[in-house]
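Below is the structure I would like to discuss, written out as structure tokens.
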Amino acid sequence: MIDIFGIPIQAFLGQILLGLVNGSFYAILSLGLAVIFGLLNVINFAHGALYMLGAFLAWMGMQYLGLNYWVMLVVAPILVGIFGMILERLLLRHLYKLDHLYGLLLTFGIALMIEGIFRSFYGVSGQPYPTPESLRGAVNLGFMILPIYRGWIVLASVIVCLFTWFMIEKTRLGSLLRAGTENPKLVEAFGINVPLMITLTYGFGVALAGFAGVLAAPVLQVSPLMGANLIIVVFAVVVIGGMGSIMGSIVTGLGLGVIEGLTKVFWPEASSTVVFIIMAIVLLLRPAGLFGKEK
Amino acid sequence: MTALALEIKDLQAWYGESHILHGVNISIPKGQVITLLGRNGAGRTTTLRALLGLTGTRKGSIKVHGVEAINLPTHKIAHLGIGYCPEERGIFASLSCEENLLLPPQLNGTTAGDKGMSLAEIYEMFPNLLERRNSPGTRLSGGEQQMLAVARILRTGANILLLDEISEGLAPVIVKTLARMITTLKAKGFTIVMVEQNFRFAAPLADHFYVMEHGEIVEQFPASELAAKQDTLHTLLGV
Amino acid sequence: MGLTCVFNHYFLKLMHNMSDLILETKNLTKEFLGFVAVNDVNLQVQRGHIHALIGPNGAGKTTCFNLLTKFLPPTSGNIFFNGNNITAEKPAQIARRGIIRSFQISAVFPDLTVLENVRIGLQRQQNNSFHFWKSNQCLHELDDQARELLAEVDLLEFENEITSNLPYGRKRALEIATTLGMKPELMLLDEPTQGMGHEDVDRVTQLIKKVSAGRTILMVEHNMNVISSIADKITVLARGATLAEGNYQEVSRNPAVMEAYMGTSQGELEGAH
Amino acid sequence: MNRQILGYALFAIVAASLPAFGIYPIFIMKILCYALFACAFNLLLGYVGLLSFGHAAFLGSAAYASGHAIKVWGFSPEMGILYGILIAATLGFVIGGLAIRRSGIYFTMITLAMAQMVFFFFLQAPFTGGEDGLQGVPRGHLFGLLDLKNDLNLYYMVVGIFMIGYFICWRTVNSPFGQVLKAIKENEPRAISLGYDVDKYKLLAFVLSAAIAGLAGSTKMLVFVSATLSDAMWQMSGIVVLMTLIGGVGTFIGPVIGAFIVVMLENKIGDFGRMIADTTGVQWFSSLGESVTIVMGLIFIICVMAFRKGIVGELAHFFTARQSKSQ
Amino acid sequence: QEISDDIIKIGFITDMSGVYSDLDGPAGGEAIKMAIEAAGGEINGKKIELVTADHQNKADVASAKVREWIDQGKVDMIIGGTNSATALASAAVAAEKKKPYISIGAGSTALTTTHCTPFTIHYAYNTKALANVTGSAVYNQGGKDWFFITADYAFGHSLEQDTINVVKAAGGTIKGTVRVPLSTTDFSSYMLQAQTSGAQILGLANAGGDFINSIKAASEFGVTPGMKPAGLLVFINDVHALGLKATQGLYLTAPWYWNQDDESRAWSAKFEERIKRKPSFVQAADYTAAETYLKAVKETGTDDGEAIMKWFKSNTINNFFAKDAMVRKDGLMIHDMYLMQVKTPEESKGPWDYYNVVEKIPGEKAFGPESESTCKL
């Protein structure tokens, strides 16, 4: 058996892979945050709650309507997106002229409410969500037994991230979005309905969160607090990656997942803090984040 | 009397608290080319921006092809057939040259007649852009960026063009290209509002001149009176 | 050029360097991600002058100011104030040396009263600005001094008004009063008359003239009337670089300046573009 | 000034007599601790314009520090509190020093993340008791004289501490230093250009705020004889924002009123829900007590959307508006 | 001595909405209500009342609530539900105020050792009993090398330590432990560590939702066929949630099982009528504890804390939950424990028919002799 720093290589590789799974969630969530921050300049504190909402919708679909995982994997993000758009239209929209901090506070309030409502109906203990039939079981990778579903998480999130990246970097829609981030006023002067674009972007960003929620449902319990615990780490990821940078979010999300996974092996006590420590260091050295542009 | 493409009455505008435009009146018949002259800071750029609702508060009346636009959101105003080429060019750094070019949507507002130029026509007019089509927008030279900024709005089918200092910082040869382009556009029936420091560039092109000072129109005359107004112009603009 | 001439030239230059130059930049350059906003500028401001910085939009005037006050770090080059190299100092340090700036967009403290605005500036002399345990009653010692300054800019009657209620022109005047309170050796004014009505422009112009006594002023201004009436020396920037320098007569006849700044007015220039 | 003193005296008299009316002293002490915490927070948000989302770190660290000092090292209560303040201020110096390098949203996120780090530290450090918390800290005798086991004695001490803390906040704002803070808040670049090294001022304000938050934390620890993770959790940072927002950012009594409302809500909303459930017959309301967060979230949203000035701010605005109309 | 304030008021504080809410929670409250109803709602004309609260698994919430109840709410006795951290905090307050505190759902031995008080009764079980019974059963089945996944707070530490003592005393080895925060949902990384440790037994020193999640993760990552899980504290609700397929063969320790005798079945039927599911042993203990307390009040004629405590410590307790049980001086109630094994799906006759009783362990043996207690009372 080969050891790395006294840890068998199997365990090492295994933890890297698990880190990648967690990193997948970080990546999708921070991607959504980045998209939203880019165009709206709002730190979407409700992101975690909407992630939770996605998971719950999947669970409710199964519980009450008998809809299976694959249906909900499509439907739940759409519903979350629509919900987000309603939020944007009714509430967030009125705050753009004010200090960005109000956006943060508003979404914080929204997060509290959504979480509170689900708590009052379902308690904080999680609801189990079965792994879809077709993704049950595990493959033996030699160094570890990887449940197929975990592999699917990494695959699905990489696909979604790359798809989003492609949409934003390579399509006309994306060019509108990027241009809107740079100079929304001018884009509007070209005749583009920027307010609508903002609504849709917010919808899309939170739909990503919803998607992550559905992905997470079978591995984590579907619980009202699942988002609250995750969101702060994701914030840190966004800050490290560079606020608003798409590729930054994806790469940092996955990377930090892995680093966190490794910390669990080498220095378990620090595993929950390592992301914040990295954040502090990055901020000292590169205030705009690893991939962020200095403004 | 020909139909007015643009009719601005008593337009006032503010940036935050500073009151920049103090009641601007301009009427432009369809197909005319006019030039706004004035010193730095006279408020010409602000006039264009106010037309599109890009300033802070604004008051007064703006009719685009007879449609009142003072209360419309910016993107709707654009759909009335206005294309805007900003002073700072507004090339998007995160977009390639061609993406920049393709960015503004085709306007099919009520009165925007033309279909707009095709990409091929545009590349024909500005061969430089064809060459640089894949480089990031802000890597283009200043002149190329300027061309791009103008070319960008030609595709949209807008028939009222607001061109802010398009000749600024450009080599004579490009300025000539631009002059030719404006002549062509004029022939095609475009209505054009130019803001120019470069009087020599603007003089032969414009049908009508307006001179601004401190946010007001202080003088206006048709091209035919240009010679006669030399002295006035000199006192108003010259150092 | 005769030998004496050459000698005189150098002698004069030496003299300048020794005493008369309050501010000097050497090869000052600022790049933003490859874009050169200020390019190798050698600015020399003489003590006691009203020195105007003009140039087309985007010429780099505001950036220049930001460099001088260290709101932006220069990419290269040096800045000397009274012969001392201040290139490495922090904004607040620069201010304490006596270089006080105003901003292109009005810079007052909107929710404080007019009197308090001026006092903020004066307070620094008291050396108690970290004393969180002291009553702010002690600030009233500064009231008289503050009122004097307000009187100087005709704002005395507004002393207890909340600043945000003042008309725009008055705010600019207040800004100047606050700046004066710092007893600056060198005042940097960025477009002090921007956004003002005619009367305000005149008043502020006169005010600048008035306060220039005994100190040096470096100002950015678009309004040529203002410049022609008060500026002793003008530096023209274009595309980040110095284009011309001299008094109003010299500069206004300079064809390059006409070209860059006004565009051509037909009669005078040929051949360009 | 005289009116201030009068108001102060009035407050002292009312506060002193409350227990006589049968009001539960611990309840009021809790409000006072939170109120002090909110005042400390407001010192930053209201007077320097810095939104810290990590103030729980200071509350918690002081609570743990003084709890540990009193329980394990046998400190007297007053020394324990001082020690707590010292720790909170030191932590404030470190976190503040990092955070003030950036402004706006970034500042907020950094404070949040740093506080989260502190939280995890407390979760894992051996002396905090992890999830169990530090329980059963002896209250001891104040200056060796006053037995704080007696709720009433403790109550008067807490009222005293609150008044001192409140006074420090008030004094800070109304000091030469406070004047500079106001200037920085309103126009930071201008303050720099006038020669103020704003980072130093911000840092001092941050440390002061952390110290007073620490005072609140240590006091709260004495009241509940325990220090637990919930003191350091980010939700606590959210609550203090809420209290300040409800009461009125940048007003003096705002945070106090906000604290009162939030604590009332936390404690009484269950009864209120049960009342509604009884009258309307909708059973769901009876679980309202368990879902204080819904109500808090709702209040948050309402405050941000409609009452950005908070109760005190809106009232003040209303009265000045009426005054200027009548004039 | 009289009934204070002319009302007998019981306070019940537990996790009403968190990871432990299924095995105690609101249904535990209902069980106490059943006991009050069974007593006729009054004793000698004095009304019996119940107040309940959710401590959200937070020690500070629990202690503040208990303090307020006693100071303000005229509560005479506290029944503490799940979570040891909250129990330790509440017990301290109750003792300060001289009110009986009956701990039901909490397992930490600290309640009757290092943190014992004259007013604490540790009623249903403790980690030491669990460790003694399950630990030695698993060890005797050949489980010599252990790896622990431990809930990171009082209860988990205590359970882990007690089991380690048992295993080590028997000659086994500990290959490692990881401490996991309460309510963790993702156990994958810990499973990997368990796997690489090379131990035979996966000791799960956690409970409720945490236990469920770790069992799931273990089977997902292929840990379990290779390693054998030992659930150190397993409730019937957990087995219900996981299903027999995932849990069959698991050894566990419980003080009570609804299907163990007629008396228990009868009460459980009543409970099921109300709650629509079978009771966990905690809920049965809630009921019988309240029942016993009310009996104590009736017999002593007072709700005074010291008198009640004296009654408890000088009488044997007999009910369907515990036979011939005694409360020791340190507050620990000694009663019989059962080693159970989870049935296979084929063995089970239907929902909730989950356990085979393997062995009945006498209280003294399960909880250890009083001489081992470190309580200084």
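Chains here go by letter, A, B, C, D and E, matching the order in which they are written, and residues are numbered from 1 within each.
Following the convention adopted for this analysis, contacts are C-beta pairs under 8 Å (C-beta built on N, C-alpha and C of every residue); 3 or more make two chains touch, one makes a residue touch a chain.
Treat the numbers as computed from the prediction; the structure is a model and nothing was measured.
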Chains adjacent to chain B and to chain C under the stated definition are none
How short can a chain-to-chain path be from chain B to chain D, counted in steps between touching chains?
2
Hey, what chains does chain C share as contacts with chain E?
D
Relative to chain A, largest Cα-centroid distance belongs to chain C
Let me have the rounded angstrom distance from the C-alpha centre of chain A over to the C-alpha centre of chain E, please.
38
Can you compute the centre-to-centre distance for chain A and chain D, using the mean CA position of each chain? Integer Å is fine.
32
For chain D paired with chain E, centre-to-centre distance based on mean C-alpha positions, whole Å:
37
The distance between the C-alpha centres of chain C and chain D, rounded to whole Å, is 44
Can you list the chain A residues in contact with two or more other chains?
119
Indicate the residues of chain E shared as contacts by at least two other chains.
16-17
On the basis of the stated criterion, which chains touch which? Give every pair.
A-B, A-D, A-E, B-C, C-D, D-E
The chain E residues in contact with chain D across the complex are 16-17, 54, 57-61, 63-64, 67-68, 71-72, 84-85, 88-89, 92, 115, 152-154, 181-182
Would you tell me which residues of chain B are touching chain C in their complex?
15-20, 39-41, 87-88, 138, 167-169, 172, 175, 196-201, 203, 214, 230, 233-234, 237-239
Name, in rising order, each residue of chain D that touches chain E in their complex.
24, 26-27, 30, 123, 130-133, 135-136, 151, 224-226, 228-231, 289-290
As the complex stands, chain B meets chain A at residues 52, 54, 73-75, 78-79, 83-84, 86, 90, 92-95, 99-100, 102-105, 107, 109, 152-153, 156
For a test of understanding, state which residues of chain D touch chain A in their complex under the given definition.
51, 98, 101-102, 104-106, 108-110, 112-114, 116-117, 120-121, 123-124, 234, 238, 241, 245, 284, 287-288, 290-301, 303-305, 308
